[in-house]
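Should a chain be cited, it is by its letter among A, B, C, D, E and F, assigned in written order, with residues numbered from 1 in that chain.
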Amino acid sequence: MPEVVTFGEIMMRLSPPGKKKLDQADHLDILYSGAEANVSAALANWGIHAAHITRFPDNPLGLAATAAWRYLNVDMSFTAYSADRLGLYFVENGAMNRSTNITYDRLPSSFSTIQKDSFDWEKILKDAKWFHWTGITPALSQGAADCLLEALKVANRKGIRVSADINYRSNLWQYEKKPGEVMEPLVALSHVIVAAETDTAKIFGIEGEATEDGFRKIAGKMKERFGSMECLLSSRRETISSSHNRLSGILWNGADVLQTPTYEMDNIVERIGSGDAFIAGYIYGYLKKWSDQQKIDFATASAVMKHSVEGDINRVSAGEILDLVEGNTGGWIKR
Amino acid sequence: MPEVVTFGEIMMRLSPPGKKKLDQADHLDILYSGAEANVSAALANWGIHAAHITRFPDNPLGLAATAAWRYLNVDMSFTAYSADRLGLYFVENGAMNRSTNITYDRLPSSFSTIQKDSFDWEKILKDAKWFHWTGITPALSQGAADCLLEALKVANRKGIRVSADINYRSNLWQYEKKPGEVMEPLVALSHVIVAAETDTAKIFGIEGEATEDGFRKIAGKMKERFGSMECLLSSRRETISSSHNRLSGILWNGADVLQTPTYEMDNIVERIGSGDAFIAGYIYGYLKKWSDQQKIDFATASAVMKHSVEGDINRVSAGEILDLVEGNTGGWIKR
Amino acid sequence: MPEVVTFGEIMMRLSPPGKKKLDQADHLDILYSGAEANVSAALANWGIHAAHITRFPDNPLGLAATAAWRYLNVDMSFTAYSADRLGLYFVENGAMNRSTNITYDRLPSSFSTIQKDSFDWEKILKDAKWFHWTGITPALSQGAADCLLEALKVANRKGIRVSADINYRSNLWQYEKKPGEVMEPLVALSHVIVAAETDTAKIFGIEGEATEDGFRKIAGKMKERFGSMECLLSSRRETISSSHNRLSGILWNGADVLQTPTYEMDNIVERIGSGDAFIAGYIYGYLKKWSDQQKIDFATASAVMKHSVEGDINRVSAGEILDLVEGNTGGWIKR
Amino acid sequence: MPEVVTFGEIMMRLSPPGKKKLDQADHLDILYSGAEANVSAALANWGIHAAHITRFPDNPLGLAATAAWRYLNVDMSFTAYSADRLGLYFVENGAMNRSTNITYDRLPSSFSTIQKDSFDWEKILKDAKWFHWTGITPALSQGAADCLLEALKVANRKGIRVSADINYRSNLWQYEKKPGEVMEPLVALSHVIVAAETDTAKIFGIEGEATEDGFRKIAGKMKERFGSMECLLSSRRETISSSHNRLSGILWNGADVLQTPTYEMDNIVERIGSGDAFIAGYIYGYLKKWSDQQKIDFATASAVMKHSVEGDINRVSAGEILDLVEGNTGGWIKR
Amino acid sequence: MPEVVTFGEIMMRLSPPGKKKLDQADHLDILYSGAEANVSAALANWGIHAAHITRFPDNPLGLAATAAWRYLNVDMSFTAYSADRLGLYFVENGAMNRSTNITYDRLPSSFSTIQKDSFDWEKILKDAKWFHWTGITPALSQGAADCLLEALKVANRKGIRVSADINYRSNLWQYEKKPGEVMEPLVALSHVIVAAETDTAKIFGIEGEATEDGFRKIAGKMKERFGSMECLLSSRRETISSSHNRLSGILWNGADVLQTPTYEMDNIVERIGSGDAFIAGYIYGYLKKWSDQQKIDFATASAVMKHSVEGDINRVSAGEILDLVEGNTGGWIKR
Amino acid sequence: MPEVVTFGEIMMRLSPPGKKKLDQADHLDILYSGAEANVSAALANWGIHAAHITRFPDNPLGLAATAAWRYLNVDMSFTAYSADRLGLYFVENGAMNRSTNITYDRLPSSFSTIQKDSFDWEKILKDAKWFHWTGITPALSQGAADCLLEALKVANRKGIRVSADINYRSNLWQYEKKPGEVMEPLVALSHVIVAAETDTAKIFGIEGEATEDGFRKIAGKMKERFGSMECLLSSRRETISSSHNRLSGILWNGADVLQTPTYEMDNIVERIGSGDAFIAGYIYGYLKKWSDQQKIDFATASAVMKHSVEGDINRVSAGEILDLVEGNTGGWIKR
């Protein structure tokens, strides 16, 4: 039974090759990915038994998506199937001063139509140590929010540690309820929160500067509101261009604010999924019983290394990430 | 202004390269096509000013689809845009005894959500001589059926000749009304009908054998029911395998039943779109004022030649089709 | 735990795209396949829990191969790893009168260097109903033959049904022992034997014509020699060219000789792996408790359909195969 | 009728994929492009009705080229066809310290053999507001120069604004006349001139430093010589390597010299066509009735953004360019 | 020094992948080939030291072409270079009833501008046993015809056997002289002539039926006209479709007319270059001192096998061809 | 006969396209390369008659490898063939902070099994001026070391200049002898040594700082040990990331230590083979009779430019390299 369980939508991603725009391509590369599943994929790549919980359409696309995730060594044995469709998104990769563009074609996907009782959480979480969710799931539909709440209740009952990546996206959240209203009870059942200043401001009205002090202040207010929260963390990005960013990590653990060096990231291969690589790195550190500084260092280096691979998923080994943590920023030929 | 106007949905078609199945591919080839638009594309390729009327989403996919059809020299100046999505379908090309599989992801597309007044038919049909529709459009939604009926009324008022490809597909027709009920008034405003025995049987309850006599019998009953009908035509296919078919054409013109030779089609490249190439051939013959025998001969040869090209659209020139009509079935090197 | 267990080498297959020869290609398509594993892949595709037992090198190639087979839904949880190399083979696909050429680069692969005790057969075969092997494995090395013998002993002790595909290839068998000498005790522990006249002649000196009577005669002699044998079956191929073959199946079940229709196979996509699809079909019929005629019919249709897909593995569904058994030899468009 | 008309050759561009050299490739990517047409393509992409005037061979390549430009939404309805050939050029994209290499195979192309009266300029320029040409056209042949002079006369008669990109290339100009001699009367009919110091020096002997003062000095001397000139503009490039350049814009409007910030351009995707994107940006600003500073800002940002896309044509939207003008140099993910 | 010398143009061939038409492709596959050079390539593939004599442009394309032919093991050490261009041709591969289309862009190529003294034939032919030319070369230009005549004079003086493939193509021969006038003295210096009835009729006015008797009659009249001729041979093709042909060979050796079986060629991969493979097979048989029947058998089987490979060149081994001569028409898997 | 002779293994290199990892690819790009052969390829590209001496398997892979090297204009006429296999290596190209990974599958290759007398060195070195080897060859097997020693003896006897690239790789050297023991007599017959501080330390225990003084010190100790040594040179690399390095060259010529500027190398295309490009540059300078400063300048610029092309081989022209030596670090468009 899985040690880590992630829950969320997996979509088919279609992207023109290289730096082409959609109307320059005669074929599209396909991947299947999702913010939460990417966390399981990174952990599985590092040797952790991780399961991802999702629902696919019962057609060749749903079956292909399942196979693609078995390939990644993620436990897909709890996958549900329905008559709906597979969510899609089209990615035009940015370059230089040109931003990456994503066109979503998401609803009504098989995942977004799930209901409160779509999964048997007691069985799924039987031996789990960690459960991970993001703000994308409750944004999709009332049913998805209900189902997530069920999972969180079971997880808390079982003493499973819960991480939540707030990940606020305003263009989701198309149903009646307001984000804050829906998120409140969900975050209240979570222990490790990934959130930038913009996330906490927009969802909970908790504001602060993008500084060490600002972060401490936000953490304090979040802790007041969400007693369950034991750790708040975030990656901080400076963008010189689509091809050149800088990244560092920051973490509040109830007592201290810990930070990492800032990594220079030039010649970026692909940025999407780096946030997922970040929290995956933290969870890995937790399972390895590392110190908080080690956790935030590994999480940040994991996010940095994600920029060096194609696709949404961090295919880099734990050893390669540790190399970077130890300061080996240069690329060598390993024979 | 266009001489021929076609009306219907254009979808994005995604297919694995070669004979691969969906779960064997790491990229999908893209095309934009639709049964009615394919007729305009064939006619445009033969030098006719043809316009296709459709609605796309107002996003990069809708713009790319528009561009792709401008490329084909089809007049897209009447294209409408909406906030919905682009319909998709996934094609696994068959081979030998393996059938071609199509997975649709069609609703709620920008086309299917059109309404009665979505297009200014008076303006569109200003100088048209021919209007073409298929049974796919009214099957999509009440709005699409309403909009089509409007077009047909305007066309009839203006004395424009109307062709209808019945093209019955049971897995469409998901809204309340029955196919026959919806189709009746539409066919009653059409003059040239493409229908196989299965189409007339399933929609109108008009049955007959797949023989010359059977066809004459069906034509008679159709004429009784639809006084507007001046011509009934159909292609007849015998399938030895996905790669080897035989094809002939048959036509009733109010007086006689005319037939064509049966073409041996081995080493088929791709079959999809051959029905569209068939009626396109007939319309071309009409515009060229050919005899009925010439029309059905050209229509059938056009359908045959479609099997020799990739994609849904007949990219073969009129000259190449006439070569086949004249009995040059062999392939040479033209320098 | 798996219902069916297969045992043998999985190699990396490298082939030029399309009909190119090796020296015409600037890249090679990669697949991972093996005669025995292909049987598990087909069964997994039809919904059977099948496990394949093999050993890979502990390097990126071995991990990629494992992932590729997880993708196929084959249970790879018993996979062993060693310090050796991954076996390779290069395939130039034939066309017309040009034969398919395979260049092997096989030894010393991680599988060929296994020993008697490399796997814990008691655990692997715990709940199995069927074990499948081929003559390729004992041909590789003494260690592989020893290890197979161990598996067969455990399987027989547990009452598991064993199938053996003789599959004699003279250019293997490079170590000291003679094929017949090694094969004798292995076949003596098997119940369902796949063998053509050439196989039985070359390994056991049992000869017969390629006729119904000849097959009955061979079956009789085989039964005398191998009391364990309850069924002998074979597919029979006539080759008009690399692109055009004919195939039928024949089976002796201890009492009768049963045959299937002969299938015309033109426009072949790829032939490799059809023998594996054949025995997979038989095993599927057994698990479904079908009659012997049904088994040989499904096995033969499975082998035929394999020729319509790329790669060594039968990716065709059970439903598609049953369609062919029922005489639907023509390829249609399934929407 | 088109608002902007551009005139010049469109060639087939063949380039090895990625950073390969010609002798490393087994296929070549194809595009159809030309310095003047690229201006129409950029404007069409920003919503302007632009027409490009050219001549193609009457063969499959000429038809494909026409279609490719219809795809780009450029009005190709005035395209002429002749019996000659399509000009070709082969591009090896540079990287790091390696320069981009272009091998031309241009003559005798269908465009280069045009004559004075090959186009009906009265009709083409009926409703135009802007006409654009470059120094490449008169360099090709006497006929091309003659035809251009005719166009300029008609444009001036109609009060159409004319832009000229001097674009001096010494390896063109193979016929008898000297560049200056041919260019003199053409520039004398133009109002907006794009020229670097090297252009004015080599063609008109007007020299100056690459400084603000130098530019003012050159502008002054050009104005003396060409009374029609109302604006002189140029982009200024510093090359650190093929992958890393810096770019700024400078403009003289009869009164002032205006400049833009210098943009750091690292991780360049492709540089070709940036000069065309520059003047296209200026024309767009003119049609939008922007200030001169706004025009040169947009023109320069357009040129910068061109470096982020594949091919010769600026496929970036006006909104994306305005983003850069406003200082958003960083690349984000737009969802 | 080379045993066989061939002389003629090598062009760059650009073709859309698979069965696409030119306007369906976003890239073109490249090959370098020529009718005469293809003969050297086949012979080199069979182990003969063959040299091809040609002239390329002195640019990256000419160098790439030279390298491509070194790759094929053809001796390119006599290659000349000039300032002109590389001849090009664009091939759309036919399928089913659709013919193959070739668009030439040939003049003024570096080869077509050669002159009488462009090559040092004394040196080139020093140790040669065979010289091969085709009717394409004298059709290109007076200079090419003159240069060829020089080569033939030297070859005859040295007692080198000369083969000529008449290969009449009416759309070549654009300069003043008539084909027959130019060909007469060239054929008069040749000993082995490849010509179909259409060739002899159109060039020399020598007509005959496409029968054994007709061939004997034509051979007789040719011998009267060209005393040097010792052998006349031809392949005979029946085209059912582009994908399905039948082929046989016929030869007159001064005494008898010898024929081969007719080969059924279905599922053709590519037909271009089969005539070159035919005469290459004859020359190989001559060098091996085979009987005339063996020569025509091998030549015909070589032409048949060419249809099974991509590109213009017969990459099939001599062993594979002999297999077909011996009646092994079926395709097997060779391990 | 060749002026320069190189000796060593050529392997098949298989690499995923772009920045993909092995398990992200469905095909692998193929190249054939080797450290010593790369030197011949660079020299051949610059117009030198260079021969490479190696042994391949006598199968389609060995023949394809030979052809690939003929393509590069390297004299392969001395190539030997044996029954073994072709060595392989799999390259995952690094990016940003991710290193390049190479997985070798090398033994028992046809080259590694050569013996003392596998080549006729007297004949091969008949007219040679230079012989080049690297430390990879003696590391493979005793036979390879023996064969190399033979070559060096012949070369020294003939007064041929010998270069040795120490190139110490600890994971080779799997047979009984120690690296220093094997290398000692080989280096003692060499005149130009390429070695970094790590090489001399690990093999000969000669240590020194990576400074000018350190290099002078090492050179002095090396000279004491190896009287034959007339020149010691090395490139020095600083790695900011896999995509961004800095490179300079240093040379001791018996008297002085000469250095080059440090080149900034950002946006690296591919680094592998830059060491081979370095020594190739030195040899070229020697053959051109340049000064030592010119030699080290050209060698270093050659190594820098190698980073701008795909694959292991420096395909950059001598002119392009000289451009860089002269300080033209910027990339322009050469038309």
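We take it that a residue touches a chain if its C-beta (ideal position, glycine included) is under 8 Å from a C-beta of that chain, and two chains touch if they have at least 3 such contacts.
Remember, it's a predicted structure, so these values are computed and weren't measured experimentally.
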| item | value |
| --- | --- |
| Most remote chain, CA-based centroid, reference being chain A | E |
| Proportion of interface numbers common to chain B and chain C (over half same, under half different) | different |
| Mean-CA-position distance for chain B and chain A (Å) | 45 |
| Centre distance in Å when chain B and chain F are each reduced to the mean of their C-alpha atoms | 63 |
| Sequence positions of chain E contacting 2 or more other chains | 18, 21, 23, 26, 67, 71, 101, 266-267 |
| List of chain F residues in touch with chain A within their complex | 18-21, 23-24, 94-102, 104, 169, 171, 238-245, 266-267, 271-272 |
| Parts of chain F lying in touch with chain C, wherever the complex brings them together | 14, 17, 21-23, 25-30, 59-61, 63-64, 67, 85-86, 88, 90, 92, 101, 103, 105 |
| Touch list for chain A against partner chain C, complex | 67-68, 70-73 |
| Chain F-facing residues of chain A, complex | 18, 71, 263, 265-269, 304-305, 307-311, 315-316, 320, 323-324, 329-335 |
